[in-house]
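Chains: A, B, C and D, in written order; residue numbering restarts at 1 for each.
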Amino acid sequence: MSKVKVAINGYGTIGKRVADAVTMQDDMEIIGIAKTRPNYEAFVAHDKGYNVYTLADRVDDMKKAGIPAAGSIDDMIAEADVVVDCTPGGIGEKNKALYEKAGVKAMWQGGEKHELAGCSFNAEANYEEALGRDFVRVVSCNTTGLCRVIYPLDQEYGVKKVRVTLMRRSADPNDVKNGPINAIVPNPIKLPSHHGPDVKSVIPHINITSTAVKLPTTLMHLHTLNIEMEKDCSTEDVKALLAKQPRVRMIGQGIGSTAEIMELGKDMGRPRGDMWENCIWEESVTMYEGELYFFQAIHQESDVIPENVDAIRALTEIETDGTKSIAKTNKAMGL
Amino acid sequence: MSKVKVAINGYGTIGKRVADAVTMQDDMEIIGIAKTRPNYEAFVAHDKGYNVYTLADRVDDMKKAGIPAAGSIDDMIAEADVVVDCTPGGIGEKNKALYEKAGVKAMWQGGEKHELAGCSFNAEANYEEALGRDFVRVVSCNTTGLCRVIYPLDQEYGVKKVRVTLMRRSADPNDVKNGPINAIVPNPIKLPSHHGPDVKSVIPHINITSTAVKLPTTLMHLHTLNIEMEKDCSTEDVKALLAKQPRVRMIGQGIGSTAEIMELGKDMGRPRGDMWENCIWEESVTMYEGELYFFQAIHQESDVIPENVDAIRALTEIETDGTKSIAKTNKAMGL
Amino acid sequence: MSKVKVAINGYGTIGKRVADAVTMQDDMEIIGIAKTRPNYEAFVAHDKGYNVYTLADRVDDMKKAGIPAAGSIDDMIAEADVVVDCTPGGIGEKNKALYEKAGVKAMWQGGEKHELAGCSFNAEANYEEALGRDFVRVVSCNTTGLCRVIYPLDQEYGVKKVRVTLMRRSADPNDVKNGPINAIVPNPIKLPSHHGPDVKSVIPHINITSTAVKLPTTLMHLHTLNIEMEKDCSTEDVKALLAKQPRVRMIGQGIGSTAEIMELGKDMGRPRGDMWENCIWEESVTMYEGELYFFQAIHQESDVIPENVDAIRALTEIETDGTKSIAKTNKAMGL
Amino acid sequence: MSKVKVAINGYGTIGKRVADAVTMQDDMEIIGIAKTRPNYEAFVAHDKGYNVYTLADRVDDMKKAGIPAAGSIDDMIAEADVVVDCTPGGIGEKNKALYEKAGVKAMWQGGEKHELAGCSFNAEANYEEALGRDFVRVVSCNTTGLCRVIYPLDQEYGVKKVRVTLMRRSADPNDVKNGPINAIVPNPIKLPSHHGPDVKSVIPHINITSTAVKLPTTLMHLHTLNIEMEKDCSTEDVKALLAKQPRVRMIGQGIGSTAEIMELGKDMGRPRGDMWENCIWEESVTMYEGELYFFQAIHQESDVIPENVDAIRALTEIETDGTKSIAKTNKAMGL
């Protein structure tokens, strides 16, 4: 069987990781990536053997800079079975017409609205919903992290109410433009925030409120969760349930911060030191006065990457069973 | 009537502010401050006219450095009616014997345990409890900030349950030793944390759970609160109640971060730019599905300062009415 | 004699400080300040009693927000003897036509080019040059800091060559937009940088090269200087010379960082905790193999403030002797 | 020929990298690593197949924690041909007696004094000096970075004088204890600093002065260099010379900060995203008024790693030609 042809439109933090993760699979391949400027990321993409496409009017610039651009973004789309749109939030929306015109399946990331794709995706929670669709949105890093724990808890015990505080990194590690340097920024100030409720785009019946802040750190988001459940369960029950999720890592062994989790990712030899799993501090998981509490850290740059791979399988129906796709993706990535 | 003679043992972040706040009152005065090293803070204290005392074996060192130390800490204590102990957490405990021996009243800060003083103090919540006592503990910056909002809400509507996430600055602005530089540190990892429950040392019947993290910022703590109340009330009711508290400032006017609150403190001409009040974002205050949510920022260096002044009045009974003391302190400080 | 009427166009970091410093003088007064948005800074300005002006089309917005705007910027300019333009770099240039049309004297800050005013000003170095002029530019925080030490060294010993590394804070303390959060940014990359040579706009014959970086800190800039001089001199000679400069503070007493200098400013009771002087670590000043080395910290928000006051006197010729103006300004500000 | 048996004493930032780099070589192997606590780093070491040794009295603790410690540090040393001591600065000194008693060759890192080993090592500059010795010190990350550029410039043009400002990261990325969070710390304050002169422990005749600061960043050090040379040369000459050094990477392609260099390391697929080379901004390299200027970034965690591999070869004389060792190490590591 021939491999699914995947194009990456927007080769930044997310795009380059999706490209590499797709390359690790045996049932799909990257036929090109699109980059707007000939910076170091474009050179590395070229060195890795990816065909580098660009905006129609910049093909010459790319060539002059030393990257023999394979052509325009339209050319790239024409070759693809699926386009993974990883352009900055809001830009992806404008690309929809392009994909429709070319009759190509497309996926967006969490920076776009649910309505753009009509289906918001998390591999564990609603793989089936995306089967054979033309368009899908892989939800944001935070929503992905929330779905991965809320969904199994809801399946097992019934989730009555979720209250979450999202402490967000303000800039990715390679971004030197955005601050704050030394402040806490409640964002949004109006409460509750829209972040938590985005979970409903995947699991509509969940009752969830959230508050969110932006922090002077680049490494990971941190969630503090408070969950009321329908059925009785113990701390040990929850620990056991969370520990067996395919994209959850229970954290202990003296790891006391997001910095040490990132160190662990590097020590384990992960590409780019990525930590694709939700990292839950085992010691933090507690049922207290009938409510569940825990801390989880989310590596914003990478937790959505395996979900993108699964979404490609769902759209193209090369695998119709979500559990099998998750297992296949995890195995290929070494997760 | 002669003024109450106050000595400050430990002239750091808290001690120097208590000294200046006491000096602003007309019913008490600073008779001396104790500093262990002749650094710039000692020189400024001396320049301001405070008698600088030190450890018995360092009097000569102080003199040599150019600060004519008025004597040993024992000498200072002998002169005082009340000692405000502002030494680092844990040291204060060791000083208790000193105060008992000298037969002087003493106050500690939040770094010490409740048991040391037997009475934990917040001016709004339990002034009367401290009247005439020998020892009292002014609760920590975080607990003070929590008491100031929980107490009036409880009085008015009955507080059923409080869930709070405490995002703590990891170092004071002048501290260059402590990190993290770029990480989020859940602390403690074991949930729920002890921070919230410290409110019970002041208002025992409150049901409160907390989670806490340490952040790479020096300016302020941020609390995100979720409160369930006994009686019905609206967003507007709560805003009105909070706005009229004597040590709460409702924040708006485009202020979007702890950094801008600190700028406001400077712009208002506050000494050291201090923000003694809880700073609550008015826009954040919301009753949602029967639960109250809001964000408040706490200036860790200064919110306990007016409470220290009130505690001196309570211990010495120069004012037996807490409301009057609060009003007097606020007026003298320009709060 | 009536006071010089001063208007502040652009009431941000610099503008609000110039306003307060002018108010401290007995020979000048603020007749209005211009603010574009009704944020907290505008409210504080109004509370302090300043007439708040705004862009012509925003007068109503200001009024609606609760600040009875005294009128448009044009109205303000019409009342003034001197306009101190403290708008963001590049905006000031566009205002020149306004000032010319109104026939009012005007001053710009370091964000504008030398050519705009034709005269770049530092009180110690070239007060006389600005006497009676229509326009002048008060040089940037970094250039001001450099002129204050290079000028006297040049007068006394002849400066042969200056090499300086400028480590710049990337954002002011109230700015939460700009990063980096965790990186060093050489800026500009092309060497040598334009920063040092800006000293020549004040003292043309100085031979100076500089390298500059932007850092994840908000408090102060730090300069490391290497100076070759014409005449022989000792470490002690230089220390003595620097120590007696009117706007230099020699730093010691255990102060080991920019954070502790800012703490000193607060402890001293300075408005906003400002540190108007160059802060030179006394221990760092060293003649080594015939070259001078030292570290100085520059409080970017405030070091140009006394220079702005002096520049007003120079333009209006209410004082023709620079040394007298400096002394008068310093005394009024408590420097 | 059997492989050289290498033991790593102290498996932290440097130790774990040396272990992995040795494993990449075909002429040496890791026979064990020593770790004091059973934290995540110990588990990863164990998972990677390294024999984990520990302090004699902690062997049982390790076993209990789930890591079957292969024995005590003494046991490990007894098996080794060379011990690479990567314990924290100052501890290494105490281990010398151990190595002498066991009659094993040993290497220390830059945290120890030159005198401890009697020979300070940089592969490019003085490989031959270390041949067959019992002890050697691989110089610090900063000194290594300086030697790599000063040595070839000196060989080619003669270095008359070097002035360098070292802007140091204050904590490694996984270290959440150390600050500052928001300040610049001149360190040492006394000038010139000892950092630059440490180059003389490798190349004694170099005339070099340095100034150093500590910054709130974790990623890399940044050096700004000013070099006077004996012979005439052009900007292009220097660029060409630097570009051909085996452990120098010329940086361009829109990379504007240490953060983007670290991103490049990750993008290139380097283990842990390490950047073993000096990273020199090509655009910064400039001959100006007869003096050379440039910026280089140094990845403190990894630049000394290839030098450690070479030092093992020098001590054991399995390769007597430094150039060949450098080439072999680079090739094996993919540098």
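Going forward, contacts are C-beta pairs under 8 Å (C-beta built on N, C-alpha and C of every residue); 3 or more make two chains touch, one makes a residue touch a chain.
If you're wondering where the values come from, they're calculated on a predicted model, not measured in any experiment.
Following the contact convention of this document, A, B is the list of chains adjacent to both chain C and chain D.
Steps from chain A to chain C, taking the shortest chain of touch contacts, total 1. Our note on geometry: chain B versus chain D, Cα centroid distance of 47 Å, whole angstroms. In terms of their C-alpha centroids, the spacing between chain B and chain C amounts to 36 Å.
The distance from the centre of chain A to the centre of chain B, with each centre set as the mean of the Cα atoms, comes to 42 Å.
Touching two or more other chains at once are residues 173, 175-176, 180-183, 185, 216-218, 256-257, 259-260 of chain C. Remark: chain B residues 170-171, 173, 175-183, 185, 216-218 touch chain D in the complex. Remark: chain C residues 16, 37-41, 43-44, 173-176, 181-182, 218, 253-257, 259-260, 262-264, 266-269, 271-273 touch chain B in the complex. Partner chain D is touched in their complex by these residues of chain C: 163, 165, 167, 180, 182-187, 189-192, 207, 209, 211, 213, 215-220, 222, 224, 226, 256-260, 281, 283-286, 288-289, 291, 293-295, 297.
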